[in-house]
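Chains here go by letter, A, B, C, D, E and F, matching the order in which they are written, and residues are numbered from 1 within each.
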Amino acid sequence: MFNRADVLISMIRIEIVIDEEKLGDLIALLRTVDVRGYTFMRHGGGLGSRGERRPDDIALEERNAIVILACEEKQAERVVMALRPKLKEYGGMCLMSDCKWVIGPAASY
Amino acid sequence: MSITSLLVPAILFFALGMFAQVIKSDLKFPPDMHKMIVIYLLIGIGLHGGKALTQGSMGDALPAVGAAFLFGIGLPILAYIILRGLGKIDPLNAAAISAHYGSVSAGTYMTAVAFLGGIGVTFEAYPVIMLAIMESPAIMIGLVLAGYSRKVMGGATKGEKGMYMHLLREAFTNGSILLLFCSMGIGAVVSDPSYHKIEPFFETIFMGALCLFLCDMGMEAGKRLSEFKAVGVFLVCFGIAMPLIGAICGLMVGHFWLGYSVGGVTLVTVLAASCSYIAVPPAMRLAVPEANPSFYLTLSLGVTFPFNVVIGIPLYYGAAQYLAGV
Amino acid sequence: MSITSLLVPAILFFALGMFAQVIKSDLKFPPDMHKMIVIYLLIGIGLHGGKALTQGSMGDALPAVGAAFLFGIGLPILAYIILRGLGKIDPLNAAAISAHYGSVSAGTYMTAVAFLGGIGVTFEAYPVIMLAIMESPAIMIGLVLAGYSRKVMGGATKGEKGMYMHLLREAFTNGSILLLFCSMGIGAVVSDPSYHKIEPFFETIFMGALCLFLCDMGMEAGKRLSEFKAVGVFLVCFGIAMPLIGAICGLMVGHFWLGYSVGGVTLVTVLAASCSYIAVPPAMRLAVPEANPSFYLTLSLGVTFPFNVVIGIPLYYGAAQYLAGV
Amino acid sequence: MSITSLLVPAILFFALGMFAQVIKSDLKFPPDMHKMIVIYLLIGIGLHGGKALTQGSMGDALPAVGAAFLFGIGLPILAYIILRGLGKIDPLNAAAISAHYGSVSAGTYMTAVAFLGGIGVTFEAYPVIMLAIMESPAIMIGLVLAGYSRKVMGGATKGEKGMYMHLLREAFTNGSILLLFCSMGIGAVVSDPSYHKIEPFFETIFMGALCLFLCDMGMEAGKRLSEFKAVGVFLVCFGIAMPLIGAICGLMVGHFWLGYSVGGVTLVTVLAASCSYIAVPPAMRLAVPEANPSFYLTLSLGVTFPFNVVIGIPLYYGAAQYLAGV
Amino acid sequence: MFNRADVLISMIRIEIVIDEEKLGDLIALLRTVDVRGYTFMRHGGGLGSRGERRPDDIALEERNAIVILACEEKQAERVVMALRPKLKEYGGMCLMSDCKWVIGPAASY
Amino acid sequence: MFNRADVLISMIRIEIVIDEEKLGDLIALLRTVDVRGYTFMRHGGGLGSRGERRPDDIALEERNAIVILACEEKQAERVVMALRPKLKEYGGMCLMSDCKWVIGPAASY
């Protein structure tokens, strides 16, 4: 990756998959650790330990929400530590990876 | 009863939907369209039922309420015994499937109403109360059966209490049940002139909207056909036998106990013979996560619903006529 | 006015929606359903209003247009003074909230029409013009108030010109406003036989569709109840007091200036008392990004709309009757 | 034919949609709303057509079927020759565009029905059969033309057989075609009392729902205007000339061969003049992936459809009157 | 990235974009290589070798589905090898990257 | 990550979040720097410097679009440099990370 400190900042990208119904709780939780930016998509489906989840099923609609979060490493650690106990309860998935934030839009991380 | 009486538009649209699926057409209704039509239809039955009920006396409704509870509790137990005894189905799947058969299918009920309307048969106002009531006891009895199964299997029953309370809430706050109940209430209290203002929307065009709903249900049923193999011969047979058993109970109760007319007996029979696909599946998913949803969904949407719509309703009507000696 | 006159289906469905939310039911309408119903209803009012207007003379409509501008400009200024003076609300939030109270709520207007229809009261055709007009001046005055606030606060006003032009465009090209205006135009020009062909869709079933809309609005209002604490006691009180103040202006203007019948005065009052949740929120979000949307949305959807639908409309009708000496 | 006969609500709503787009309004209908209305309208035409057909004799329908095939095969070949000969359009784009002109637009047909209804002109039942049939041959002929083009260009034709079979299936299992055909079947077989129960939904409110559809189509057409430059002057002219050429064929066939009334001739003309945007685009996307979809979509939705709706229909009606010597 | 073996497990994140219609086939394929978790979103659009794909187009609706899959490296290799021939047929895109699975929710990979 | 040059190509994954209304502009911009593949999802929500954005809100519907883009490093630099000034105006977010493109589907990057 081209590496220019005036253009890119090293960051952590967190990606969470969770029941759509729990999205409100999750966001409230993120707020408690002062997260200043996140993006979510509703209406996802998937497979996990609790079996298949199908959005748009006529009789048994189950949906996942996907939350993407970019933040600095320190903050990422706080977020992950706060999330872990909740994820045990909610199920789903949480992934972390390195990324670069492209400087340009207002900083919201 | 001639063959043309079977040519009810609603049923033909169901067949159209199934046909489209069988020939692998790309016909598809938007998922939100399904939800919207269901909301509309539930309110429509509720309002109409509520209005009709105010013309009778509340006391006359009590036997119907009793019958609803009887079906809601008795039929799942019967189903559970059959599934466990004859089919050797594992206890938790048996519990989850059984719960569906204690409940009802509003879609089947409406198709029966369309069928009776098409041949000009009138019916009592009370079956609609049964429709509104029957979903809830079935959910609870499903949970009881699951708890019993877990105890028999020697599994953990920790957290069961919380689940009971949770599902009890669910059984009353479920959106569809609420909509049906409250619409009945609204239909019962509004004045006639007020009612006439909303009648064109909720009654006059109701039967047409039902056709769209059944077309979609036909596609859904068609989709589920492919899962017959995974579900197994026994369960598919059960999905046809159980409504027949329910129907016999319904005929007896409707004719001898409730003493309804041919139309009313047909509706009571349809209620006893039908099985839920609205409030019970999500409740069982929560209460019995170990059960395989594709079992109860395939049975409910792929076997029992189509059977009732295409074969059951005219059959039950014929039987009701026979009982009444017409 | 007896209690049964309050049992208007539309209002009962609003209550049903709120109730569902309060008991935490999972009842939910698809978001697109809401949009579709709004589109349908706006066209419906527009067409009907346009048709009705062609029966009167265009000159008679002028005072209504004048009153609409008066409300659209006067009420936000009044609201701003109250919010700043009594409530010590910060200037930009005050500006954004005020703009909403200069505008109108088509949902409240339609509920009032349903209410009057339910008790058989007729009304003039002109209030519908006011409905179509009032959203636009309120947007502009909101922007003026925000600009004034920024100047008072000594903040940057750079780029304001562009924003004025942008919002002026917005005020006329906003989808809902456009739909209402153009439908009025279409209603006014089409021939009677042509109109009769589309009447079943846009008029006959209108009142039923309105019930679905109000049920959804009830759920929305119920959802916003939980934000009362964040909004604060003063603002919640303001959300009830401001429509009453608007209503007094409406009654005066409708009765003494416009000289309308009881039905017409009720509608004018409802317009003055209601506050926007369609075109103004997005405009204020753009024009006053510093303001907290949860303030104006909670007030508009969670306080003033339910107050007007459940209490306001019959109250204003009663007051209109009193003024008319009926 | 006075100017007011052009003030058909459906056409005015089309204009409203286009206007909204041109002034860059944020008016937008939910995409699912479009799909739902299309489903509803197709079933509505189908049912009505099917019912009407049972009143005539099946033998009388045969010439209409013949004409449908003639148009479906002849018009694309004509279009291809024009595009290749006059326009020097590359062979594969020419093939894809041509296929669209052999097919029909249900929206244009319905607008024509609304137009005739608005001025009280009756018409034969057979054109609806042509509507149902014409989409399929055009798809096949499009594929033939593409195969021919590829051979001329010396390109690979491997896998073409599979594609033929695939599209042949597609031509019959396409959701819209299926819905139209099966609804015609249902309309033809249901008894009159049954039909009357669904009539309020599928007929009485049909013309109003059509307005919503056309408003959406107007927005779509407005959106495509911006692509005129990319498409080029020749193709835009073709998009107006080709329906006129089709119309002449339609007038001849309708008047001299089929011998229909003025209303019937108008409808046949509209069918011949209109071009598909439902089943053909996805088929061509699959069959001729090399062709640029923005060419055929801009022509179909941005040029020919608006031309037919706004200018074509009254023009064709006038011509049909002239031919009939009225 | 903070590195604690009790909190994070190294994994591979696979991201597939494919025609929505082919999603069923893809999932069936994933099942054959014993994938135990995935997430999908329907209703996407995009640009690729076959041109633009627009969801919600009135006349020519073409949609992509996005599938996200977290699994261990061994499994990732199996998945990718099984997918490749199919992707040739289907078109679309398949990306792989390193990530960390946050321990907490039930393991479904 | 298993590393076989016949299967995997090193690439950059760019992820952009932007107002749904600006998606058309963004795509036009991407076209000017000759991007040959991207995927987007509409109908997202989120939190950022401009506050919460809620899709499906009755009165104040605000939606984000998410754009995912895989390309070679050179191209990534061009894309990012072209995007940055625009992102200042639009707001939102742009992330970059390393990834591997699985060889199989037609190359569209």
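Definition applied: contacts are C-beta pairs under 8 Å (C-beta built on N, C-alpha and C of every residue); 3 or more make two chains touch, one makes a residue touch a chain.
Note that this is a predicted model, so its numbers are computed, not measured.
Asker: Along the graph of touching chains, what's the shortest path length in steps from chain B to chain E?
Answerer: Between chain B and chain E, the shortest chain-hopping route counts 2.
Asker: Mind listing the chains that sit against chain A and also against chain C?
Answerer: Touches both chain A and chain C: B, F.
Asker: When chain A meets its copy chain F, do both sides use mostly the same residue numbers (more than half shared) or mostly different ones?
Answerer: Because under half of the interface numbers appear in both copies, chain F and chain A meet with different residues.
Asker: What whole-Å value do you get for the distance between chain E and chain F if each is reduced to the mean of its CA atoms?
Answerer: So the centre of chain E lies 17 Å away from the centre of chain F.
Asker: Chain B to chain F: how many Å between their CA centres?
Answerer: Once rounded, the distance between the two centres reads 47 Å.
Asker: Return the distance between the CA-based centres of chain C and chain D, expressed in whole Å.
Answerer: The mean C-alpha positions of chain C and chain D differ by 41 Å.
Asker: List, in ascending order, every residue of chain F touching at least 2 other chains.
Answerer: 41, 43, 50, 55, 97-98
Asker: Indicate the residues of chain C shared as contacts by at least two other chains.
Answerer: Chain C, residues with two or more chain partners: 32, 200, 204-205.
Asker: With touch defined as at the top, which chains are paired up in contact here?
Answerer: Pairs of chains that touch one another: A-B, A-E, A-F, B-C, B-D, C-D, C-F, D-E, E-F.
Asker: Which stretch or stretches of chain E touch chain D in the complex?
Answerer: My answer: residues 50-51, 55-62.
Asker: Within the complex, which stretch of chain E touches chain A?
Answerer: Its residues touching chain A are 1-2, 7-8, 11, 13, 27, 35-43, 68, 70, 97-108.
Asker: Okay, in this complex, where on chain C does chain D touch?
Answerer: The touching residues are 32, 35-36, 39-40, 43, 173-176, 178-179, 182-183, 186, 189-191, 193-195, 197-202, 204-205.
Asker: Give every residue of chain B touching chain A within the complex, in rising order.
Answerer: 31, 34, 216-217, 220, 277-278, 281-282, 285, 289, 293, 297, 300-301
Asker: Give the list of chain D residues in touch with chain C in this complex.
Answerer: 4, 7-9, 12-13, 16, 19-20, 23-30, 32-33, 114, 117-118, 120, 200, 204-209, 211-212
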